[in-house]
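Okay, structure first, notes after.
In this document, chain identifiers A, B, C and D correspond to the written order of the chains, with residue numbering beginning at 1 in each.
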Amino acid sequence: MLELKKAAFDYAGKEILTDMSVTLAPGTFHFLTGPSGSGKTTFLKLCYQDLIPSSGTLHIFGKDVRAMDRDDVASVRQRIGVVHQDCQFLDHLTMSENILLPLQVTGHEVASKLRDMQELMVWTGLSDQMELLPPVLSGGERQRAALARAVIMSPELIIADEPTGNLDWDMAQRMLTLLIELNKMGKTILIATHDMNLIRMAKNQVAARVLRIRQRHLELAGAEL
Amino acid sequence: MIGRFGAILTGDRQADRVVPPTGYTANLTAFTAAAMAFLSVFALALSLATDRLATRWSEELAQTATVRISAPDGQLSRQAEAVMRILDTTPGIRSARMMTNEEQLKLLEPWFGPDLPLDTLPIPRLIEVVESGDGPDMAGLRLRLAAEAPGAVLDDHSRWRKPLISAASRLRALGVFSILLILGSTAAMITLAAQSALAANAQVITVVRLIGARDAYIVRAFVRRFTLRALFGALFGTVLAMLSIYFLPSAADEGAFLTGLGFQGWHWVLPVVVPVIAAVLAFWATRIAAFRVLRRMA
Amino acid sequence: MIGRFGAILTGDRQADRVVPPTGYTANLTAFTAAAMAFLSVFALALSLATDRLATRWSEELAQTATVRISAPDGQLSRQAEAVMRILDTTPGIRSARMMTNEEQLKLLEPWFGPDLPLDTLPIPRLIEVVESGDGPDMAGLRLRLAAEAPGAVLDDHSRWRKPLISAASRLRALGVFSILLILGSTAAMITLAAQSALAANAQVITVVRLIGARDAYIVRAFVRRFTLRALFGALFGTVLAMLSIYFLPSAADEGAFLTGLGFQGWHWVLPVVVPVIAAVLAFWATRIAAFRVLRRMA
Amino acid sequence: MLELKKAAFDYAGKEILTDMSVTLAPGTFHFLTGPSGSGKTTFLKLCYQDLIPSSGTLHIFGKDVRAMDRDDVASVRQRIGVVHQDCQFLDHLTMSENILLPLQVTGHEVASKLRDMQELMVWTGLSDQMELLPPVLSGGERQRAALARAVIMSPELIIADEPTGNLDWDMAQRMLTLLIELNKMGKTILIATHDMNLIRMAKNQVAARVLRIRQRHLELAGAEL
C-alpha cells in the first residue's frame, strides 16, 4: 500500500527526515508520534503527495510518486482520506456540503452517500451543525467534521494528523472507535498524535504499531508504551 | 473550442459552487467589461462616422482641380492642346477634360445670370482635372505649364479641404487605435482580476486539491465565472452605449447622416460583436491565468 | 486634507508592511490607472483639437453668405438699396456691405483674368452678408427678397460647412463626455479593486484587530497603497500618452496645427492634472471603501 | 478586572451560555473546561470583546462593554494577550515580525522589547523558526508562537484557548510554567483546556480555580479534579 525505502526529506537544505524505510501493509493500523516540530506532519504530507521525498523512493498503491503528474496525484488522493492538522474547509459552503465535497470534486454521485453522511454526523455529534458554515464551528467540531470528510469516500487509506488535539477525552474515544471500526472493515489507518493515552487505548483493541520520529529518524516504538 | 465555450454557458453549476462568490472581484470584472464595452462602442461609432466623412470628402476632392487658360483668341486652342498634353503625361492625374461651353456657362451663371453672351466675351477655357492618389506634384506642374502655355493657370482652390480629410482619417485611425487599446486593457484587466481572484482563493484551491480535484476542474469553475461576468457586463455596456447613441440629440439637417454619431444600416450589427469579443477575451485570459497560477501553486 | 494626503506619500512604511503585498490587485490598480490615464489624455487631446477646428470653422463661416443682384442697369441700384434695407432689418445678420468694383474684379479675376472690362458687362452687384449667431431664417429672407427685389439671389453656398462645425462640436462634447466616463470608471474600478483587496485580506484585518489595531491604522495602510499605485500608474499612462501624441506622425502642411492631435502651448500642462486626479480619486475611493468594509466586518 | 453578572449569550437565538456570574480578580489563575462545543471559546470571545453578551452585564477593567465603541475595544485589547484556538498569524510576515506585531500596531517602541522576544523564543523553543513564515511552522510551533505573541506586550490579562492542544507533554509543561511565572508577576490568567493532566499539574503549583461549562451554565468545579 505504502512503501518507503531510504527516503529523506529536507526543506531547502534543512533536513527534517532521513533514511526512512517502512512499509504500511493494507489493513494495518499505525500511530506516528514524536515531539512537536519533529516532522510528523511532514511525514504525512509525503504519504499523501503534498511533498515529494528529496531522496530515496516512496511507492503508493504500487506507484512511484516521482513518476506521477498532477492528475495522477489527484487520482491517488481520491483513494486517501486525510484529516489535516488545521482542518481546512471551504468557508462559503455549509458543513454538509463540505463533507460531501470529496464526492463532488471527483464527479461521484452524491445521493448514494447521503445516508452514510447522516450516520457519520450522528456518530461525530454534528447533527445540529450540518447547515452551519465552518467558521462558526468550535475547534473540536471542526476536527470531527474533518474526520467525517476524510472517511465519506470510504478510502483505502486514512491519514489523520492530531485528530483529537482539540477534543475532550470522551469525544476522542468516540473518534478512535470510528477509526478502529473502519480498520476492521479493511481500511489502512495512519494517525499522528502526541496523546499517549489514545495510543494505549487503541492498543487494547487492535494490533496497532507505533512509529516514532526521533532525531530525524523513523523507528518502530517497542513495548515501552 | 465552440463546444468548450458552450459548456461554459450551460455547464456544471455545482462545480461553480466550489469557488466562493468572489463578490467584489466579480463586480469589478463585470463593471470593467461594461465600461470598456461602452467605450468600445463609442469609439466604433466615432470611427464609422469619421470614415463616412472622410470617404465623402475624398470623393468631392477628387475632381476639384481646374486649369484655366486665358489667351488671345488665336493662341487659345494651341495652348489648350499643350496643357492637355502636359496633363496627360503628368503622374498623379487620372484624367483631364476640356469643359464644353454649356458647362462653362453653368459655372458662370451664378455670377451673371443665364443670358451671358459667352461668344462676345474674352472668357478663358477651363480644363477639369481628376487627380488620382495623392495628386500630382503641383509645383512641378505649374512650372511646366508656365513654360509651355503661359496663359494657363492651375487652380488648386479646393486643396484647403485636404487637411479636413487628413483630420478625418486621423480620427478614424484614432478610433481604431482606441478600440485596440480598449480591448488590450480589457484583456489585461480581466487577466489581473482573475489572477487576483485566484490568489485570494489560494486556500480554496489548496483544499479542493487535497481532496483530489484535478486542475481542469478548478480552472473550469473560475473560467465559467469570469466569462459569464465579462459577457453580461459587456452586454450591458454595449446596450447602454447603443441606446445612448440612438437617443443622442442629432442635428436634423441633411448633414446629420454624415456627421451624426449614429450607426447606419447594417453597421448596427457591429457593436453586437463587442460582448462576444469580451467573453472570448475573458475566457482565454482567465484560462491562461488560472493554469499558470495553479502550476505555480503546485 | 493636504496634510493627510502628504502623509500618504511620505508616511509610515511600517504600517504598510501589515497589509500583505497585494500583488495582482495592486498591479490591477496600477494598470487600470495607467490605461485610464492614457485614454483620458487622448480624449483630452481630441477635445482640444476638435475645439480648435470648431472655432476656426465657425470664424470662417461667419462671413460667407452673399446676395447677388442682377437687373437691368436702371433698376440695379434701386433693388440694391431695397436689399440693403431688408438685410438691415433681418434678425440674425450682423452686417451687410455692398462690394466695391475692385473687390468684385478680384473675385472674378480667376475666371477672366485681370483685364476684364467690368463697365461694359452686365455683371451683378454683390452684397457681403455677415451672419450672427445661428444666422437669419434663410427661407423667410428669400421670400422677402423675391418680393421687393426680384433680381436678388441669396447665395448661401457656404452653408455646407455647418455640418462640419456641428460635427466638430459633437466631437468636442464627446471628448469631454469620454473624459467624464473614464474618470467615473476609474473611480469605480479603484473602489472595487480596493474592496476586493480588503475582502481578500479579511483574515489580516481580523488578526490585527484582535491584537488591538484601530480602524484608522488599518485604513491608512490600504489607502496609502492604493493611492500610490494609482498615482504611479496614472503618471506612467500619462507620460506614455504624451510621448505617443508628441511623436505621432503629423501632416506637415499648414493644416496640421488645426487637425493635428498634439497639444498647443500651455495645453501641454493639462494632461499633468490627470495623475493628480487619479491619486485623489484613489485616495477617497479607497478610504470610503475601507471604512465601509471595516464597519461591516465588525 | 473582569466581572460578569447574569450574562448570557446566544447566536441568532441559539442559546450557548446562560446566567453566568463570575469575577476574575487581578492576579488570579483560572482554567475553563467543558466538553467540545460547550462554549469555551465563546466565553473567551466575550472576555476579549469579540462578542457582546446578549443579556446581563460584562465589565472589563471597570468598563461596561456595552458602552464601548470600536476604538475603546482596540484600547482594551491592547491590555489583553490572547492565544486563539486557531493561532492566526499574518502569513506574509516572519514569525519574529508577527510576534512583535502587537507593539507595531499600537505604535509602541519595538527595540525595547527585542531582548524579551529573544528570551521568549528560547523558552518556547522557536529560536530556529524566527525568520520562517507562519505557514511552514508545525502545529505545535504555531501554538507556542501564539503564546509568545500574547505575552510580548506584558498585558494585564492573558487569555489562552487550548494552548497545548497540539503540544506533546514536555512542551505543554514548559508552556504552563511560562504562564505560571507570569501569574506570579501579577498577571491574570484564563486558560481554556480539555486536558485534565494540565489542570492537575497547575494546581500543584498555583492556586488555580477551575470554571466548568455544563449545560450552558458556568460553574466552579470543586475538588473532584
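We adopt the following convention: a contact is a pair of C-beta atoms (placed from the backbone, for glycine too) under 8 Å apart; a residue touches a chain by one contact, two chains touch by 3 or more.
None of these values were measured; they are calculated from a predicted model.
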{"item": "Neighbouring chains common to chain B and chain C, by label", "value": "none"}
{"item": "Neighbouring chains common to chain A and chain D, by label", "value": "none"}
{"item": "Far-end chain from chain D, centres as C-alpha averages", "value": "B"}
{"item": "Centre distance in Å when chain B and chain D are each reduced to the mean of their C-alpha atoms", "value": "68"}
{"item": "Chain C-chain D separation of Cα centroids, rounded to whole Å", "value": "64"}
{"item": "Per-residue multi-chain contacts in chain A, two or more chains", "value": "none"}
{"item": "Multi-chain contact residues (two or more partners), chain B", "value": "none"}
{"item": "Category of the chain touch graph - line, ring, star, complete, other", "value": "ring"}
{"item": "Pairwise chain contacts under the document criterion", "value": "A-B, A-D, B-C, C-D"}
{"item": "Chain C-touching residues of chain D, taken from the complex the two chains share", "value": "48, 50, 70-71, 74-75, 77-78, 82, 84, 88-93, 97, 101-102, 104-106, 149"}
{"item": "Residues of chain C touching chain B in the complex", "value": "22-25, 27-28, 31-32, 35, 38-39, 42, 46, 53, 68, 70, 108, 110-113, 116, 121-124, 153, 155, 160, 162-164, 166-167, 170-171, 174, 178, 181-182, 185, 188-189, 192-193, 195-197, 199-200, 251, 253-256, 258-261"}
{"item": "Of chain A, residues touching chain D in the complex", "value": "11, 34-37, 40-41, 85-86, 125, 136, 138-141, 144, 161-162, 165-171, 194, 196"}
{"item": "In the complex, chain C residues that touch chain D", "value": "14-15, 17-18, 20-21, 203-204, 206-215, 217, 298"}
